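Below you will find the structure I want to go over with you.
In this document, chain identifiers A, B, C and D correspond to the written order of the chains, with residue numbering beginning at 1 in each.
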Amino acid sequence: MKIHEYQAKEFFRKYNIPTPKEKLITNLDEVDLALSELNFPIVAKAQVLVGGRGKAGGVQFCQTPEELKEAVKRILSMTIKNLAVKKLLLAEAVKYEKEFYLGITIDRERRAPVLIASAAGGMDIEEIALRHPEQIVITELSPFLRLKSYKAREVGNVLFSDKELVNKFIEIAAKLTNIFFDYECNLVEINPLVLADRELVAVDAKIVFDDNGLYRHPELEALRDLDAEEKSELLAKQADLSYVKLTGHVGCIVNGAGLAMATMDLIKKYGAEPANFLDIGGSSSPQKMREAMRIILMDKNVRGILVNIFGGITRCDDVAQGLLWALKEEEIKVPIVARLTGTNELEARMLLENSPIVFARTMTEGVKKIVELTRS
Amino acid sequence: MKIHEYQAKEFFRKYNIPTPKEKLITNLDEVDLALSELNFPIVAKAQVLVGGRGKAGGVQFCQTPEELKEAVKRILSMTIKNLAVKKLLLAEAVKYEKEFYLGITIDRERRAPVLIASAAGGMDIEEIALRHPEQIVITELSPFLRLKSYKAREVGNVLFSDKELVNKFIEIAAKLTNIFFDYECNLVEINPLVLADRELVAVDAKIVFDDNGLYRHPELEALRDLDAEEKSELLAKQADLSYVKLTGHVGCIVNGAGLAMATMDLIKKYGAEPANFLDIGGSSSPQKMREAMRIILMDKNVRGILVNIFGGITRCDDVAQGLLWALKEEEIKVPIVARLTGTNELEARMLLENSPIVFARTMTEGVKKIVELTRS
Amino acid sequence: MAILINQETRVIVQGITGRDGSFHTQEMLKYNTKVVAGVTPGKGGSEIFGVPVFDTVREAKNATRANASIIFVPKAFAPDAIYEAIDAELELVVCITEGIPVHEMLKIVSYLKGKKTRLIGPNSAGIISPGKSKVGILPPVAFKEGKVGVVSRSGTLTYEISSHISQAGFGESTVVGIGGDPIVGTNFIDCLKMFEDDPETEAIVLIGEIGGNDEERASEYIKKYIKKPVLAFIAGQTAPPDKRMGHAGAIISGGKGTAQEKIKALNAAGVRVFFEPEEIGRLLCEIFK
Amino acid sequence: MAILINQETRVIVQGITGRDGSFHTQEMLKYNTKVVAGVTPGKGGSEIFGVPVFDTVREAKNATRANASIIFVPKAFAPDAIYEAIDAELELVVCITEGIPVHEMLKIVSYLKGKKTRLIGPNSAGIISPGKSKVGILPPVAFKEGKVGVVSRSGTLTYEISSHISQAGFGESTVVGIGGDPIVGTNFIDCLKMFEDDPETEAIVLIGEIGGNDEERASEYIKKYIKKPVLAFIAGQTAPPDKRMGHAGAIISGGKGTAQEKIKALNAAGVRVFFEPEEIGRLLCEIFK
């Protein structure tokens, strides 16, 4: 789960990581109150859960109240990558000498947490990582020992020549590491961490929690931005389905994430575009299938639905039951192709015999049929 | 550092380990108030920091107020192994079916924390450990993972046949383990842990903290029983000396614990008894020697003092300076034998040349001389 | 031969009295897997489908000489179940449970260093050595005794592709689901090595997906050490960047871990990549013609 | 030969700018120990007695090819200094610092499993291979190049006994202070093994004290594996039970770990126990007559 910059900054403040003076606003009327606490120049930053807000014009540097109000009005009316900007962070601009990068994440290759730092911080850190890996310092952490100060010092000595700054860096790195472990994060990141007036300040902040760890930190649920998630995706989550809305026309319901992705790939291979990713998961129940149908049918782009099931734990007759249920309760105008293989395959076929559902014996056949049926 | 049973019980309550209903009293007048909260039968238990209080008569089972007051009066006037009883714990007697032992300590051989349990709890657990080791269950703990419940269950299954009791045991073991790790203990112990009315209750409690870990838990210092420690030993601690008062007549001042013990052994071998153990430690200063002399001279049993120094970090001239200082400030009537070898040995000899101090070239010679000089 | 499991494998089911645990115990017994014991804390002493149930893994191991376990314990208790199996020194532990917090797995893989146990998963479909033993949830219908080793991060996609291998008449030596999570006990390279050393395996099929760089590292390893023919399938070519696709592992981040990159790396290692599950039959025919 | 250290040992002093660290750096340099670097966080770039100072052990090792370190860091920071040396993969780490909490040591010995580093101490007087190298605080006056290996839990008692070995003309191959704390990195057995394998060592002197059962275990080991003559001294015969004698290790508990028991065990293993430091000279004469 991602959280907004302003929310991540609250964690930073709780852990005493230096941040600029900031105020969150949600409309133009709140600017005056914010100005009573902040000094110019001020940066107005759109709070959206996608990258690239800077390039989209969602960040603006302002010298005067007029300029700021203009910017606030403009940004609050923006939509960045399909997300409407509803909150804005006003921050006192930090006049800095240099930008650094500091992040902690999980390295799948090392199978360990790693601290990553660079003296080349800022917007293009990914580019730097690709083109100049020598400018990135990576050190492995023990999940039992967290960040030992000598490891932070080894990194700090690469970034800074000034011993005092190295000590400040070590402190910030230790605090950031504690956030990472205390809340079971996938990522905590400061980019840029700036050097301003002999102090290190976290100008931006990013935290991504491990979804699997969230149940152990119930207080984090309050930080979820429900506006930023597709309504259908939220519904799916409540129904314990894994669903991602996409922009194509072929809806698909599959069991298993790998098979679901392979099904989408095959739809594309045969000339159409998937309308979604939907994994009904391992366990089997007609209810889940019923919910999956409801969610897919909410998408008005969908011109047909492919059901691709390789039954193992999932029983094909449960899937068929769910389909019949949906057929009964919803007015379904789009064609449905079903490929049901594995556990209780015959029972499923018998159940669906007199339904309008088109059968396919194999995955490829199913994909070909649904692509054919949804061709505009 | 050892703490009293009543103090250990406070930790137990904080961690929700079941204990009997109890009241601490320090004089007879408090009995009535205690009786307003406790029901008979009641056990009165002397709070002293030595073992064997039961055998010394410091624990008494009482059925009536008269009996209890009699016991309180008697026990509060007792001295157990040189320690006056100043506090008394009144506890509701638990009618139990069986006594168990449960402890967590550090196993030097395994170099790991271990959980130790036995279905043969009670006063003679050490005897059981010696004679029937098969009745003791020991399981190793990881300092990083603490007590995993399956380890506690393995142990619990040996002790109890009733699954519900096994679960209760696992809970208590987990809580006791947390005390052990949270406060860096050398030992946490429940003996006996009793089975009463399908519940497990900690009837006695023992906690020993690692002295080296105390500086990280400053709140524990308040639990120290200053009455229970020799005044001279407290003074020594303040002066950063390691001192243990004993009952012989030959005072000794040595650098290093091993050499100090070897010196005591040699005094005994040559027919006398050491009055103390005193290690002035590694670092060198006249001040420490001065303090060591002051502490030894507080002991009126001392008939002579042996100073045995093998200089390494400790400089012999520092030791000599300290001796001269003591000679100047105190009226010393007992003979002093000094054996000073190693760093700055010659300087030391020159310093002490016109003093009443008797020189020895070797440790054996020094011991022989002091034994001779203190023979009554 | 096969790898990891065979007729001699003696299996403990951890969480045998749960919904999934009991169902799959029956399934494994039907497949003639030697399920010798079950473990459910507090239920020791009972029996289920003729399998004795114990309170702890150590007790189960001592009583039955088991050398492997499969874990169906709910996610909140699964990490402890893994530690328990490691401490009982089982050779093989297959964790089916999904949803284990990644920070727990970081601790577990750190704890595993220097230990005797091989962990498969978590979030694994398990292992099948067709005709010999099944320690997992894979549906037997998709598999057939044979000479192709299959290693996969996915579940149902593995059944899909294996069923085509089986239908084409080649069958599988062993099929290993290594699990779809970012941190797993055993990776592609570990399995490739075992397959290369297994005389019964004549070709290897690797089923990967987007996210991470396990496939890229496997490619380097194949180039250097694997002499047997390797075929690969990568799911997620149409997945948009930065959208989660059900598996925690399947996140594309920072341009790394895309299907395109993985396919490029595999091709560079001489691995034939196929794009449709049913193609595998034809490709194997070419190899074994 | 000698064990653990010789002329080739390249030493980093961790905590070189502190009071004890700087004093003993000078002392070690006087003894011709190859002190190649010092480490004090935040003081990197400076120099002390001609020895370059670095901020971290890894930097010091990379710059100087050091393979050992000695730790004089205050107790609150000493555990981190040990982890740092382990992570830098030094072969030998000697920790002089005393007063480290035992729970820290429990974590450290757990962390050490499977690592390349040998830890001596904490609360150790260090190591001397007379005439070759000294990585410790032992006063050179007590030692002389020779053929007796000495291993001890004590500090000054080791100097006392070694000085008699030296005066009697035998000298020492290596003297190791393993440290007086309850949990130490290296125990008697580790050292006995090394002395047995060291061609320069012809007899071994073990200096123990009350508390723990390291001497008892050493006795069993000697009985089985040590062919060279072993002599032993045990301090604390007159110590009253349950009284702390300065060393955290020297606690007699539950009747175990008494001097009497240790002496009995040693005798049963054919070890000659002596009761007065100066006796060692005569006993060695008997052995080597």
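In this section, a contact is a pair of C-beta atoms (placed from the backbone, for glycine too) under 8 Å apart; a residue touches a chain by one contact, two chains touch by 3 or more.
Treat the numbers as computed from the prediction; the structure is a model and nothing was measured.
Higher C-beta contact count, B-C or B-D?
The greater number of contacts lies at B-D.
Determine the centre-to-centre distance between chain A and chain B, using the mean Cα coordinates as centres, and give it in whole Å.
Averaging C-alpha atoms per chain gives centres 58 Å apart.
So, what's the distance in Å between the C-alpha centres of chain D and chain B?
About 27 Å, centre to centre.
Just curious, how far off is chain D from chain C if you go by their C-alpha centres, in Å?
48
Residues of chain A touching 2+ other chains?
Residues 142, 144.
Which chain C residues sit where two or more other chains touch them?
Each of 107 in chain C touches at least two other chains.
Which label fits the chain touch graph of this model best, line, ring, star, complete or other?
Contact map by chain: other.
Can you list every touching chain pair?
The list of touching pairs comes to A-C, A-D, B-C, B-D, C-D.
Inside the complex, what are the residues of chain C that reach chain B?
On the chain C side, the touching residues are 41-42, 44, 55-59, 80, 83-84, 87, 107, 111.
Quick one: which bits of chain B touch chain D in the complex? Just the residue numbers, please.
Per the touch definition, chain B meets chain D at residues 51, 106, 108-109, 111-113, 126, 129-130, 142-144, 181, 184, 186, 210-213, 215-216, 242, 244, 246, 254-262, 264-269, 273-274, 277, 279, 282-283, 310-314, 341-343, 362-364.
Can you list the chain A residues touching chain D in their complex?
142, 144-145, 148-151, 153-154, 157, 163, 166-167
Show me the residue ranges of chain D that touch chain C in the complex, using the header's touch definition.
Listed in rising order, the residues are 113-114.
Going by the contact rule set out above, which residues of chain D touch chain B in the complex?
Residues 20, 23, 75-76, 98-103, 106-107, 109-110, 125, 137-139, 141-142, 152-160, 163, 180, 182-183, 207, 209-210, 212-214, 217, 233, 235-240, 242-250, 254-255, 259, 275-278.
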